[in-house]
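Below, each structure is written out as structure tokens.
Consider the two complexes below, in which subunit A is the common component and subunit B and subunit C are the respective partners.
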Partner chain A sequence: MSQSPENKKGQVETTGHVWDGDLREYNNPLPRWWLWGFYGTIIFAVVYWILYPAWPYADTFTKGVATVSFQAPVLDKEGKPVKAADGTVEMQTKTEHWNSRALFYQEMQTSPSALAQQEWLAKVKDMSFEQIAANPDTLNFANAMGHALFGDHCAACHGTGGQGVLSMNPEASYPNLTDNAWIHGGDYTKIVQDMTNGIKGNMPAFGALFKGEKLTDLAQYVLSLSHQPGVNEEAANRGKASFATCAGCHGANGEGNQMIGAPNLTDKIWDFVDVSGAPTIDGKLKLVEGVIDHGLQHQMPKFSDRLTPEQIRLLAVYVRQLGGT
Partner chain B sequence: MSSVDLTEQEPELYQARDPIHPKSIKGRFRTFKTSVLVLAYAIFFLLPWVRWERLVGPNQAVMFDIPTRRYYLFDLVIHPQDMFLLAGFLILAAWLLFFVTGLVGRAFCGYFCFQTLWTDVFMKVEHWVQGDRNKRLKLEKQGWNLEKIAKKGITILIWTLIAFWTGFTFTAYWADAPHLFVAFFTGTAASAAYMTTGILTLTTLVAAGFAREQVCIYMCPYARFQAVMFDKETLLVSYDAARGEGSQGRKPLQKGLMALEERHASGTGDCIDCKLCVQVCPTGIDIRDGLQLACISCGLCIDACDEIMTKRGWPTGLIRYASEQELETGKKPSLLKFRTIGYGLATFLASALLIYGILTIKPLDFSIQQIRQPLFVVMSDGSVQNNYELKINNKEQYALELELSVLGLKDAQIAIGGNFTTLDIPPDETRNYLIHIRAPRESGLSRQLITFKLTDKTGHLPVIESTTSFNFK
Partner chain C sequence: MKHESIEINSALLIILTLLVISIGGLVEIVPLFHIKGTVEKVDGIHPYTPLEQLGRDVYVREGCYLCHSQMIRPFRDEQLRYGHYSLAAESQYDHPFQWGSKRTGPDLARVGGKYSNEWMTQHLIHPQSLVPESIMPSYPWLMQPLKYDDIEARMRALRAVGVPYSTNQAEYDANVQKFGKALADQFVISNGVASVKAEAASQNWDGNPKEITQMDALVAYLQVLGTMVDFSKYNQGYFSTFR
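For the complex of A and B:
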């Protein structure tokens, strides 16, 4: 490719092809840096083939000699993780040929940020909820981790900020976690318990028991408990007698019962139907009547098989302070 | 294979570089270059080892700490929020370069550029191991015998050591130097430290040892754009052609042309064509060809020519700092021209702004952001709550004890997530808080502006405020 020695200075070799009698093609040498760069890429490619997966053959491919190691759960014959007596998953070192999925696992276990997270997790492991919340640094960690977990596991129903969904249709409503009322109780252990085991909320339908005017009167009474404007006092008084049926769960004065998840009816918060959002008293009545008539079924799935106990603990710290106290 | 004659296309496109072996020379400019070199090397190589007492942070005088995002410069600590100062510094450097270039040409290239400094040192090593120009040229021509291998090998070895220490010193600015030193040689330093040192060792070796003037001629953008800042009054290293060439051109010393009077009488110029100015040039050019891109304005040819002129007892200054105008008309350049005043003013303004910026760095930053999901929440007693994310950045070297209050909201209750009453911010740290503000609902009002006030309990820092909104519905 370079100039042959017999070529005089200032003469460029041609390919030897001649067209139309005098048309020739130069055989200019490639710049040296370019040529060395080209050889470099060839060496690079060969090294790459040796190290990494590269060539397909038959139904598989060359694996390369580079490997990635990471910790993976020990699996039993059915492919399920083997758990030790205390519920922790047994881990073993697994080595695979270089691939980005293994690299991802490795990074999630050994990268500086993963190690920093493990350090923080170890720090809060033996702290009580109150201790975590009382230290600005551990609280920040719980909030950061809680916020991420909340986005992954809770936000689909409760909203990204924990604001829930309050609509006219009780079946499409999800409780607001940023106010200061807790339907099922708001201390740390209760929140952890509900997230671990899930919640089944059930109010039976009373449509068969209360019909027509009786139903309206009861609804008027329920609205009067939280001093809604426009309530007919007379009708409310008539409905008070029917409320005895409700008192079993909601309490004699409608103050609710967190043990069985019966909401407080005397406060200004509506959890499943947007009574405050209804513009007229007739609208509000209709919403309350609907709930009494059809009852309410609500479910929150259990998260014990999706989240570790430590994750649930941190989520509880995060959720607990969303609304303040 | 046949050939096509291409003699018109000179010079050759793929000609390999001829190594340049400049002769060493003594003189004013050499002394100045050496002083700048010693000073620059002393600062660069010693600075990372200077210790400095600080209440918080490393005890290294100058350290660019990437993991904690702090730049420590003696008593000045630059936080990421103040990074605009870096932009200010770079703007100042640019204006200063323009100012100096407009006045005295490529002074940066000739005396201060690190490519020039390191090439200079590498050439000194070459000179020390292989001898001066003549010996080096001889060595270059001779075959690869033991002497050549030994001399070239020792040169490259010393170059590599200097290059390595250059790379390591650079790395030491980004970590605690003594600690890095131990970690580096016990194999426990961060991979970034090895990579930075390795790459810089390699680039220093290649740029200062082998590429040399090619960096200035082919790679450096500054070399190109500095030339466009020249005008007729810019001082340049120039050959006084009128004096040197006379009417009959330059001629070597010879019978009948030995004394200045004889030469002048015959119309011969003062230049005796000794070529010393060419031999000392680190970029291998002939300054007598006039202003050219490859000239880095180092003044060594002035030293060379002055030496010859002094030896002969002739006036010096055949090659000197002179402007184009001066060579043509003899008129000295005036300093008070529009360009110098403009660049000078810009340089002054940029320095003033930079100093002002450094003096007025805020010791405490805080931002308060209303959380928008949800925008407001009705509480059980019918009052309304808004949540805010408070971020406080304490840039001081001591801990702060702050108090948060809210203005402009009737019967407002303030609660800090985690039930804190005071905000304790450790020295040089940032903390986040969730703030709950609760107020009774005001009829008809949907939104109101409120002001958060942060008070330093010790009274050192002034009260700072930030206004945001509170939503009732």
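For the complex of A and C:
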């Protein structure tokens, strides 16, 4: 800009603007460190444009010279993965321009934690459930992985520790996995099957069949199966005949049937309604009557879309252990 | 134009400032509309059904996006916890999208099918009854009736911004071609109210079959989130070719 007329040697330049007759603005040069920093960002930008995706043109963009490599399946002409004779997918190294999705595939395949996990997964791949549980190292691995998976996928219903939710409302109750009363069976293979395919539990409503006194008598009988204090023996005996309807699923003596997920009624463990939490026998009767009256629908989603078979296997080891022997 | 005239004319200064800033935005945004592959080529993505769309509106109304993102990023830890990373194609019918920017609660991009309808309902009414350590607020008023008489206006508004809800036979036929008959029927705008009723009755969303509640709509919406693409059909590396 221009020199002010009074500018003398050693004085700082001004911008030449004058306000209110005598107000001027200094025109100091930018500090050198700042200026070089500014040039640095320009150089950085140019290097970035060369290395990474940057400039759009037509219907695409400059991809840059930086690359990322990862393993991808070999594809046939139709774009389907080529499978070897033993069913494994043939893999090849694929190199792409730098992009976050390719980096992600690379991370999934080669990050230290991914490699460590793969190593352990390979170790347990051909082991039986019993073998995994018997070896302290593999059990540790199954527990570590199972615990994380359980937190992400199971804990919302079954509780962070697998304790489930037992409330007075059957709709808001979820089975406890830490007792050893397995509703659908506690074998490893059964647990895997249930996690893979999900469960649809359905007890029909019997409200139309049992009403009033008949319903109460049946509830008395159900409570007598687990020797609840305060049960009226006479009423329970009257209700025994009605239990024949229930016996189809719960067994002649109420011992339950894991094949169809009918809980054992003779233990003091309640899975879907908090009978033990009701302080009086009347309260307990009411809860049991409610279940008989309305039936029970419970659904566990399938996890085959969310978890790999290996993850489900390890999760089964973890879950099986929660329930003790 | 002398620089001084800009400095002393505030209206001109504002206009020119906006112009310069919008250039910055435009050069970043406009090319994306022209770049092939911004929206990935993938099967299965369809607009929300009327009931789901009303659920989405409840989701927006309650501000769910303030605590829940719908954006799984391509990182190993996110894949392990939430599933496949989100695709741009999966938000193509979202106006506005619900990516969110904060995860006080978990990401919901793939929550569909993860929990049962009963769990969703109970959890929204009182989260702590199922997850004692949760800090999520309760939403018991969602059990109130849903207002759905304006669904057709909502669908028309979305149609104006590009969602292919249909108003005539040609559009309907195109939808049948693209999404299948069952869905195309639900995308007919003049059919909006009827399809809300039909979908609400199609399954037990909230345990109350007697009336159509806001919970019905919200649960229907949550249960479809992230479930449209069958990722088993796509090879490792397929989606990175779009980037």
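Convention: the second predicted complex is superposed on the first by the 217 of 325 C-alpha atoms of A that agree within 3 Å, B and C clash if a C-alpha of one lies under 4 Å from a C-alpha of the other, contacts with A are read in each partner's own complex, and residues count from 1 in each chain.
As a working rule, a residue touches a chain if its C-beta (ideal position, glycine included) is under 8 Å from a C-beta of that chain, and two chains touch if they have at least 3 such contacts.
This structure is a prediction, so every number in the text was calculated from the model and none was measured.
**Q** In the superposed arrangement, which partner chain does A:T60 touch: subunit B (first), subunit C (second), both, or neither?
**A** Only subunit C; A:T60 stays clear of subunit B.
**Q** In the overlaid three-chain picture, which partner chain does A:E107 touch, first (subunit B) or second (subunit C), both, or neither?
**A** The answer is second: A:E107 touches subunit C but not subunit B.
**Q** Quick one: is A:D20 in contact with subunit B, with subunit C, with both, or with neither? Answer first, second, both or neither.
**A** neither
**Q** Once the shared chain is lined up, is A:D86 touching subunit B (first), subunit C (second), both, or neither of them?
**A** In the superposition, A:D86 contacts neither subunit B nor subunit C.
**Q** Kindly classify A:T160 by the partners it touches after superposition: subunit B alone (first), subunit C alone (second), both, or neither?
**A** A:T160: touches subunit B and subunit C.
**Q** Contacts for A:N143 in the overlay, against subunit B (first) and subunit C (second): which applies, first, second, both or neither?
**A** Only subunit B is touched by A:N143; subunit C is not.
**Q** Now for A:D126: first (subunit B), second (subunit C), both, or neither, which partner does it touch?
**A** In the superposed model, A:D126 contacts neither subunit B nor subunit C.
**Q** Overlap the subunit B and subunit C contact sets on subunit A and report the shared residues.
**A** The overlap between the subunit B and subunit C interfaces on subunit A comprises residues 160.
**Q** For the complex, give me every residue of subunit B touching subunit A.
**A** 1-7, 9-10, 12-14, 16, 371-374, 377-382, 385, 387, 415, 417-420, 424, 431-434, 436, 438
**Q** For subunit A, which residues count as touching subunit B in their complex?
**A** On the subunit A side, the touching residues are 4, 7-16, 24, 26-29, 31-32, 133-136, 139-140, 143, 159-161, 163, 176, 178-181, 264, 267-269, 276, 321-325.
**Q** Quick check on the complex: what are the subunit C residues that touch subunit A?
**A** Per the stated touch rule, the residues are 31-32, 34-37, 74-76, 79-81, 83, 85, 113-119, 122-123, 129-131, 133, 204, 207, 235-237, 239-241, 243.
**Q** Considering only the defined contacts, which subunit A positions touch subunit C in the complex?
**A** 53, 56, 58-61, 70-73, 75, 79, 81, 94, 96, 99-105, 107-108, 111, 113-114, 148, 152-153, 155-157, 160, 165, 167, 169, 171-172, 174, 297-301, 305-306
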